[in-house]
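Both complexes shown next keep subunit A, but they swap its partner, so subunit B is in the first and subunit C is in the second.
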Partner chain A sequence: MKAIRNLCLMLLYLFLLAPIIVVFIVSFDTRQYLAFPPESWSFGSYAKVFANDAFIAAFGRSVVIGLVVGLIAVAIGMLLSMALVRYKFRGRDTIGFLVLAPFLVPSIVLAVGLMLVLSPMGLLDTYAGIMLAHLGITVPYTVRTITMSLMAVDRRIEEAAMVHGASPFTVFRRITLPLVSPGLIAGGVIAFLISFDEATISLFIVSIRTSTLPTEIYRYLEYSTDPQIAALSVVLILISVAVVVLVERLIGLRKAI
Partner chain B sequence: MRDRGLVLALLIPGLLAMLATFILPMAWLLRASFSTSTMVQVGFTLDHYRAALVDPFYWKVALNTLTLGLTVAGVAVVLAYPIALFLARTTSRWRGVLTALAVAPLLTSAVVRTYGWMVILGDRGVINGTLQSLSIIETPLRLSNNSFGATVALVEILMPYAILAMLAGFGRLSVQLEEAAAMLGANPLRVFWRIVLPLSLPGVLTGALLVFVLAISSFVTPRLMGGGRVFVLGTEVFSEATVTLNWSLAAALSVMLLVLFSSVIVIYQRALRRLEA
Partner chain C sequence: MTERHVSVENLVKTYPGAAKPSVDDVSFSLPRGEMLALLGPSGCGKTTILRMIAGLVEPTSGSIRLNGREVSGIPVYKRNMGMVFQAYALFPHMTVAENIAFGLEMRGIAKADRAAKVARALDLVKLSGLGDRRITQLSGGQQQRCAIARSLVIEPELLLLDEPLSNLDAKLRDEMRDEIREIQGRTGVTAIFVTHDQDEALSMADRLAVMSAGRLEQIGTPRQIFDRPETEFVASFIGAGNFLNGRVTAAGEAAVDGFGALRFVGDAAVGQDVRLMVRPHRLVMGGAANSFTGTVEHIVYRGQILTMTVRAGETRLQADLHTHAGALPEKGQTVTLGVAPEDVTFIGRAA
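Moving on to the complex of A and B:
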């Protein structure tokens, strides 16, 4: 009974991880076209990816966009969370709902809306345009993680500092900020990864000048499925894993999320 | 009074971002769907909705979308349930690793995982290649470039969401309750049917809803796996917006997608209320 259960679970996990495993295997195939099983093995596809200027440029753009979006999303998220957690004001519930509202809208619908707004401003296929679009889908995440770590902060520590003569700004800088920094880092990492992996909205906003890596891969896949994409996919998977492991080492993932 | 200024200062960047990235886009979307021009928002007409509602093609597209969403949600929930149930109840020291593995696919772009499924289901892919080299089949099975391929890939891509939603919704499961039922003579099947399943149903429902809404609004996977032969609302919105450049029709189709989406949410909330009552 238990053996059958474990076998079923293993099969389900195999299904869940199948694309990643297969991509990993195919990335070492030496042939120019997609086929299975591989005949001989090499790092040829990897060499080709690293020599592909279009991919390298798109990778660079994705990193820059992800970093800027992550930083701004954390900054905005921190300010919004401070207001929402620490102060009572009229319209707080409305704003709290509005912040999370993008979660409730399919991203393709939001993508059309963003395209319509960015187009007359001349922001289609610009860094400003794609960053603004990514900001919209990442701020809800940063607000959520930062709000949670802000609520976990013991107010008495802040009050103690205040009693001992610290100004509100000093309290914020020396007490509150260090205490919520795991939330800030986690929010920033999540925002970076979302921006870095996002394809749906990006495909509506960018074309040639500011194409990100996922959109570049998508356009490539419309015409060809050769092992180069497999090698590139493995690189991307390793980057995501590295980022997560780094965060885990730095602050502990459980605490962060 | 000083507080009020401070709160305002804290809120302004966020409010501006929300205005630019959510409120304005949604308003513009609605506006564009009534526009008499295809790319500029002017005038008022119901033509785009009429065109979409009169054309049998779009009825078929809407039906395809609904079928895809329901199939993907159903299959993903059935496959995710055993994993979620196992992760929620196990005391194994591998629990952390297994949980991480179950949601790890979320860390890879949907484009990358769609490519993985193209490799598995393609004409020279893993399944066809293996079957052919074993001489079991001669011509490749048609597993991709059709709605079957799109369905399989979407099930796998969205399963981690179902697992996460279920894990979060399984809070009411209790081992003591199951032990009590077993002690009172219920066999394992009866314990599952009468105790475990009813208690886990809210989590299952949330998982199904999440997968459904993500499936009906997807377009990257249906487009790449469908090879241009799968027509759902997502793919049509994308081609109207970027190929045909009829932005007003894209907006009207988006609004219709949003209506489909909202009605499902309403049904879900009714169902959840009845479950919890």
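Moving on to the complex of A and C:
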């Protein structure tokens, strides 16, 4: 029984990971078109990726956009979470729903909507435009992770700080913020990865000046299909995994101390 | 007026949406250096009173004064109070020493002075050497002592302790009782101590305030509360009691079924129907004052004491007698018991 279950699990994982495995293998192929399995092996595609200025520039923009979006999404998420968790006010449920609404709307609908909103403001193909768009889809995640952390904070700990002389701002800085830091970090990382990875919405909003790595990849695929794309995909996967592992280590370490 | 360090007047708190006030017209005051125990059954409003004094809950009406000065306009963090929360509420992301230093830091004490004071506080609660530990690495009792140190080290105007011993085992509780009392005596801080353990209240406090359903039933020294309870609630909440109905026949004397004439302490007019209370362990064998004869209906031997139910006329009484190796009363036997008039307490008019 247990063996069967393990077998099923293994097949499931294999099914999920198959595309990644194929991409990984293909990335070492020397032919100039995508085919499986490779006939001969080399790191040539990787060298080409790192020599491709368009990719490198887009990668840099994606990292910057991801970092800024991550930070702002965390800040907005913190403020919204404080309001939603700590204060009772009219329309709280409505705001709570609106914040999470992007979860429910298909990306393509969101993309068209954002384009229609940003276009008259002259924000298409600007950093502000793409960051605003990415904030729209990442804030729901930061609100979620931070709200979770915040709800787990015992109010009495904050009260104890206040009784012993901490002003409300000091309580926030010295007690609340450190206690929700796992939620802040998790939210920030998720926001970064989503922004870094986002293609659908970005395609509607950016063109040349602020093209991100995913849009650059998409554009590249329109004209050519060679193992460079596979190599680039492997690099991106490795970066995502590295970020997650690093954060897991960092937060994990902190909790262990 | 000057010796009133803390005074609470006509304090009322009705939580939003509640039908009845949780704290109902409570007034009391403490001289400097006194330790007052607030006690009463669960939900009677003890924590609410502490939280109002600390400023964490806004009173519906009434006033709280510190040194004669109304505190309602003073924000929580400027009230200079120390508080031990029922669940400790230590800062989980700081070390023991950082927890204790927190209040000092907020008061802008220089780092060197801070370290010296923290070291002394750690010593005081016998946590020396554990300063660098994380809170999660402390036992329950150690966490509690850390919470006490955190609130004592700032030398607060007023120390508020909310059932600080409730999570400890019996032995640790006894030790901590003595320790808190000793620390409070040594530092001379005024303290209000919430508990629903009568033993704790009687042994630790200078005075007790007994509450019931939001109201202050009685406030007094342990002896006043135990020996001269003013209401039936206080009499039955603190210790056990036999309650008797009688009619006053002469000054300090009432006719009680089964006793004949029972002499008591208290002011009651002749002809009045009264309620009297006798503690089971204040009844003694033999014919002293207020003696009466009854039949032993039920008896339990408990080693140190013998608990028996005696029936005199229509009245049933519980008597707790000290045991000895000689002959003891037996079930069905007729016994003569007595009680000193000062151990018969007048509680009030009969219902």
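We adopt the following convention: the second predicted complex is superposed on the first by the 242 of 257 C-alpha atoms of A that agree within 3 Å, B and C clash if a C-alpha of one lies under 4 Å from a C-alpha of the other, contacts with A are read in each partner's own complex, and residues count from 1 in each chain.
Keep in mind that, in the parts below, a residue touches a chain if its C-beta (ideal position, glycine included) is under 8 Å from a C-beta of that chain, and two chains touch if they have at least 3 such contacts.
For clarity, every value in this text was computed on a predicted model and none was experimentally measured.
Enquirer: Could you look at A:56 and tell me whether it touches subunit B, subunit C, both or neither (first, second, both, neither)?
Expert: The answer is neither, since A:56 touches no partner chain.
Enquirer: Thinking of the overlay built on chain A, is A:166 touched by subunit B (first), by subunit C (second), by both, or by neither?
Expert: Touch status of A:166: second partner only.
Enquirer: Considering only the touch criterion stated at the top, classify A:115 as touching first (subunit B), second (subunit C), both, or neither.
Expert: The first partner, subunit B, only.
Enquirer: Mind working out whether A:157 is in touch with subunit B, subunit C, both or neither, as first, second, both or neither?
Expert: Second partner only, subunit C.
Enquirer: Per the contact definition in the header, classify A:246: touching subunit B only (first), subunit C only (second), both, or neither.
Expert: Neither subunit B nor subunit C is touched by A:246.
Enquirer: In the overlay, answer first, second, both or neither for which of subunit B and subunit C A:106 touches.
Expert: first
Enquirer: Report for A:178: first if it touches subunit B alone, second if subunit C alone, otherwise both or neither.
Expert: Second partner only.
Enquirer: Any idea whether subunit B or subunit C touches more of subunit A?
Expert: Partner touching more subunit A residues in the overlay: B.
Enquirer: Overlap the subunit B and subunit C contact sets on subunit A and report the shared residues.
Expert: Common to the two interfaces on subunit A: nothing.
Enquirer: What residues of subunit A sit close enough to touch subunit B in their complex?
Expert: Touching subunit B: residues 5, 8-9, 12-13, 15-20, 22-23, 26, 33-37, 75-77, 79-80, 82-83, 87, 89, 95, 98-99, 101-102, 104-110, 112-117, 119, 132-133, 135-137, 139, 143, 193, 196-200, 203-204, 214, 217-218, 221-222, 225, 229-230, 233, 236-237, 240-241, 244 of subunit A.
Enquirer: Considering only the defined contacts, which subunit A positions touch subunit C in the complex?
Expert: Spelled out, the residues of subunit A in touch with subunit C are 154, 156-157, 159-168, 170, 174-175, 178-179, 257.
Enquirer: In the complex, go through subunit C and note every residue touching subunit A.
Expert: So the residues of subunit C touching subunit A come out as 54-56, 75-83, 85, 87, 89-93, 102-103, 106-107, 134, 150-151, 154.
Enquirer: In the complex of these two chains, what residues of subunit B are touching subunit A?
Expert: 3-4, 6-7, 9-11, 13-15, 17-18, 20-26, 28-29, 32, 39, 41, 79, 82-83, 86, 98, 101-102, 104-105, 107-120, 122, 124-126, 129-130, 133, 153, 156, 159-160, 213-214, 216-220, 224, 234, 237-238, 241-242, 247, 250-251, 254-255, 257-258, 261, 265
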